[in-house]
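Below, subunit A partners subunit B and then partners subunit C, in two separate complexes.
For the complex of A and B:
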């Protein structure tokens, strides 16, 4: 009876009816013409409001406590460009998985290493090979000699010596390191034998006459050896530091020693990575910004665009979906070819129908890469694929593709049907069995594979069954040969046509369709060991011709990228081979 | 109570062991392994790698080694980030996901109870209709859409004020937490609102509320002590599974808002066949969720004395 809160106990009230919305009035009201339900609602509503306010207060308090507790994970929220401190803020697509240069394999690690380390040689902003740690060098058919500059320093002040290179290269070749990129060192004498454990590491052809001279004996003449020197596997590592990290070299900012223009000063895994100018770097005049702050790590392309719109990052890549928005905002678009080439790989194993040349010819005659690029992918920057050798590769004097143009693609449905009829005859089919088309499981792959399914159905009457697989599973099926066609691509390791040219040699592990042609193998051998540029380019031209005439693959496109950049940020280099994007030559205007 | 708790904990351990075994088998049965890479490695290099990670041993032996290491609290080294142990990854990234999850749950729970009570109170009137419309929207729209829209809204908000009101993405300060935790909790809040509403309406018609009314208890007291407390029970029941949904569903939100949480590692590990991270995160999340369900069940006994825990 006693409410304990001072309510008047005996207020007149109607009996509660079903529904419960009408019930007692709490206080004798100044009698407005309102029903009991309203009064209840007002009182309970007020209670609810108080509860709500308490809830919000509690929520904010909880947030503050958690923020205080998790302070260590802090990220920056600076503006995209800070001209005063010389800081450029950008986003990384993923956390760099491996900053131990002997074991790094991916683009993001390559991008970070390209800013924090320097090899004997490097690519400049015009993609020419220029001196790095080595001030001069001589390469002939048997050996390469590098003369190291005296003022190259590690970030703790000690000089970079020939030992540091020899140690890094031997570590990469050590079977215990299990480096995936060890093969790139195989042009050094005995490197392969040491890597497979047939010879000791001492037998590798590296000699150090003195601290500033490195002599490399070559396994065979290697015309592109200078270009390899800019590749991360060839970067130096200081042995004493490496040993002191006790197997954690490259795991954290403090577990790395830097000899490049920048050094990592703060690395919060998964959240941010900040690089600041390395005061011990020898070529200070070249560097104009003070810090590169990767304040965000996300692969979500929309999130990156939103950060750019919000003025938090200075550069952002665009997709077909975000392109329209960028055009509406009248942003200045930049584009570049990122170096990779995409194609439909065909399975040449004899038990597969795609081993039949007439079937492959029929498919080639209806595969229109221009239609794919302009009507399906629709992202500016991509080029219709005509050759495995992309347009940016250098030839003897100019560009390879200008000196040795690719065979022109022909679309001819009638001829294609003739080839198909012959293929059916040779294979003994009245109706071709469905082709298994292995693709990735992402929107871009879906769009392209469905387009091709329609193309082969409508133009040739071929059934195509799409087999969607996530990345590793797709690779496993490719290696096992469990497909007829596959959406595939290839990116370059170094700026020489051989990085593409040996892909379909019968001995190449990456030749997952098992194409085997002794004539092509011979041309690859010429390109590998000849030192005469003319002869090598003719070999690549012959390979280009074979790939087309024998329909080893069906070309799709050369990938281009479109991106937006804060107009005040100048001098950023985008490139097909090497560090990309490269901020070492960048500056902030205004 | 103690016996009940011990019994539940033993059941929990068996559940976690079952999760570990099932994940181990499923993981090894899909084509491809962590050593499959874009650029094919030669037979020799592959052998080096297999020996290094112990993948050259028979599957049964790998399983025994794995279980033994796990019992000692060692989940091994990540395949895709070879310098980091799975223990490090969990230690560094779970607190972030947990922070986000706690905030989202708090938001969802408080919001759901308040809005649920509100809609029941104003049944079939404007506040009810408006809120229930939003609830249906909240339940049917997936979180990645909310995440993308929420972020876009922030961009426009900052644009409107000409200054950074709330950060668009990133992690580290209180302000960074607001948008992602609201987005993450939204779906659960909508669900809880609906649950709370129906449970409130059911209770409003019950005998004890009518009794309370007829004996003249003040409405505030009826509302707080009789209606709200009883109506909240079903909400607590679903809170356990909701925690599961929120902690594991954080992946998209973490990606969109560039948050260094464990959810990203959990999902990306599967795509990369990163065996040790798959096992580590699955077993860890499994153990965590089993534990949370036990806690919720114990809590239930505290809130509702009618429930005897035996």
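For the complex of A and C:
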């Protein structure tokens, strides 16, 4: 290209073209460079075209191959349910940390253990307590006697004996095990003392007159002792096997011995967990499917729904955002109450502003759980929270909440502001300091905490700071008391109101707001040791009243969930207390 | 010589040859002329200016609180109908009970053909109340709601509730009601609380309603007395729709832009400036100093950004719930400069050896003059490219950190956090994702094109070339 100073101002031309023509014009002789450039341009154009076509063709071919591959591998609806082999494929929300029943705390471990193990008693499909390893039992105010069935077997063929239960329970109580659920055994004589190291483990009130009889001495009369037997901490462990695993019991499929309807045959950590029928299980007639394949482990609700759409799994939970899509697809929707109760826990430590009753009252008077459930959460099954005791708990004859209704929630902003003014006066503030609101880091708690932040700001003028933390960190901060309010929840361990009722007793480790009220403690003691249902329910009603009047917590909701299930899969039991979901009674139709 | 001189006529010197036909342009004037000739860059410049106006002047015009929650209009798309009828406050409904005769039966023993279901009162978005006649032998009822007719394949839809007492024959639905068709079905449950093949469906369209108190609280009227029952009001206008908590998207986009653009522009300017100073010092000094300085830059590149971000949070005593903008800026400024420093240093090293620099030096130019006159203008292109790539990456970093909870504290919005929230409802309410995403895309594209144009315009070597 010529770029002389004189030229360009007068002859501005497109640069590439100018170069070519100038050269050609300046030189009279045949000019190979110019035609060369043309040829080059032409071939370049052709090459580019060919390359482009090749790229498109390659892309189309790749798509075709991928489509064919996905046809070949998936697409068939037998992925989710295989009637021939009797396999049910589902997804697991998280990986069980380990499956040692003495140390398990999470719901997923409970779900897997509920299929692979069996306690002395278990829940049937109508949530009634029925015989498990024990064929008969007697419980009175001093002791419980369990008579074990002769045909209960471990997955290697040896019989399940009373010794296996005694060993498991003592292991859970052993201070060296540091089981977080050891407290659930405290109704056994000397269990608490042994757990805190004051007495040797031998002193725990468990006796084994013979291999098939287990006698448990009770610390105090325990009306709900039979219901405890279905809880994972009470599952048996064979001592010789436990010792042989050398501290790795429950860490892997081979490091476990099973006495339940299923046994884990393949456990790929973080990826999948497959259970197959245990041929040594005593009640073979009850089990109708051959295998449960947890082929996916993911907590991403959209991923799970897509797996269901593709026919890879037989069950999937839905979120409020996906409900409309599910209705459009005319999916088979189900709803169940998972038993947990959610609330805003308040910090009652005296150095915190939330220890002021007037402030708590003001907050209670603007906390509209109905608005939260119907407009913000929007998922059916969730009920507006009115009481720590959920609606499904049984009372004396019917449901507890029908016999002893919870105090009606009142929303009154004017009264709330009066209480707030009094609180400011008592605390000596002109302007309340910001409240620290501890929450989890999942979408649901983000949404709820932001909703509450605006509620307290617009209705009371309270500044709320949201502190998002992962579960462990949140628990650590709760234990340290490093918060004013916390989004918290509690799920039941056994089907008795006491699983909720003792939560705010001053000695309970899970009472992380350190609420201390001797009157409430007294009622908890009554509920723990009384055998008269009427008296116990009155105690729970009194606790319910105190929780409301003293504003120990701000009720949010009782959690429910909506899920879709392949209509061919029948007999799956969803329940609030116990193994959930429970496939042991399931069958595949057609 | 004199003769010779006489034999020639003195040619009159034509001043015209020497006259500069066009006024002399300064460096910046020239750049502006060339930028104006670049349409893409000019349009981008206007977009950037418009974004500035949107961010700074927007909230003065559109005075809506970005954290105010309009719970009557959650996740509404732009242009949704807003008419609502004034009704009295919600009163709890005691419902209806019926006398139950006979024990609960098994499903196959139940003889009633259907359940006769009725809507009670006026169905509104406040509540839809349904009631039915007791079914002999039922132990309870299950209520379903669908948005399409269940008839063709008995697809009842969403199970709303289980009523596990036989004598209760009513249900009140308050769950996320919208003015659209709903099909309520009631199924009788047998002795084992299992659904029996006894059900019926009733269809209804609730009217959108609001109470006078709510209308006042939302700023739709001055006093509750100004509104009479049955009046129609229009709910607050949301030109860009609302998000998952009924917050105005337009106001949130404006306030979010403050955070996103602030981080996106200020942070890169700071660290590119540091990079220029550091890089030109290293390049100009050369030799051993250069080696030491650049090895230190390599060391800084190896430092993990996230870790420093967390350390700064702790250093500043920032607890959860406080905004993490300041530590984010400082971490960026401290850790992101080496890229710019490397580029500038390379450029300076190259320019230092150029002939015109040596000539200038020979003519006695001082270091200041060399740097300001020759070095900086010649590196401007590289600097601007770095800057234009730094702006979008800083916006994205902010978005990412807001997502993992280390950025802005709720309820302060930023475009990144709005995207992250919008993606959850992408399929049902696409506008919650589309608007912030479009804003981020346009901003990033505008900055890139503007930077491209600026590089061409400011490049000293392109000067006076057409």
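The working rule: the second predicted complex is superposed on the first by the 512 of 590 C-alpha atoms of A that agree within 3 Å, B and C clash if a C-alpha of one lies under 4 Å from a C-alpha of the other, contacts with A are read in each partner's own complex, and residues count from 1 in each chain.
Please note the rule applied: contacts are C-beta pairs under 8 Å (C-beta built on N, C-alpha and C of every residue); 3 or more make two chains touch, one makes a residue touch a chain.
None of the values given here were measured: they were computed from a predicted structure.
Within the superposed three-chain model, A:62 lies in touch with subunit B and out of touch with subunit C [touch as defined at top].
Once the two complexes are overlaid on the shared chain, A:449 sits against subunit C while remaining clear of subunit B. Between subunit B and subunit C, it is B that contacts the larger number of residues in subunit A.
Residues 3, 9, 469 of subunit A contact both subunit B in one complex and subunit C in the other.
Residues of subunit B touching subunit A in their complex: 30-34, 36-42, 44-45, 48-49, 51-52, 80-84, 89, 92-93, 95-96, 99, 102-103, 106-107, 110-111, 114, 117-118, 121-123, 148, 151-152, 154-155, 158-159, 164, 167-174, 176-178, 181, 201, 204-205, 209-210, 213-224, 255-261, 264-265, 271-273.
On the subunit C side of its complex with subunit A, the touching residues are 67-69, 71, 74, 92, 145-148, 153, 155, 157-162, 164-165, 174-176, 192-193, 244-245, 319-322, 405, 409-411, 421, 424-425, 427-429, 465-466. Within the complex formed with subunit C, the subunit A residues making contact are 3, 8-9, 12, 126, 320-325, 327-328, 330, 333-335, 370-371, 373-376, 378, 380-381, 398-399, 402, 408, 434, 436-438, 441, 443, 446-447, 449-451, 453-454, 457-458, 465-469, 562.
Contact residues on subunit A toward subunit B in their complex (touch as defined above): 1, 3, 5, 7, 9-11, 13, 15-16, 18-21, 23-24, 26, 40-41, 43-45, 47-48, 51-52, 55, 58-59, 62-64, 66-67, 69-71, 73-77, 91, 95, 97-100, 103, 105, 175-183, 195-197, 248-251, 255, 268-271, 295-300, 302-303, 306-307, 309-310, 312, 469-477, 479-480, 509-510, 512.
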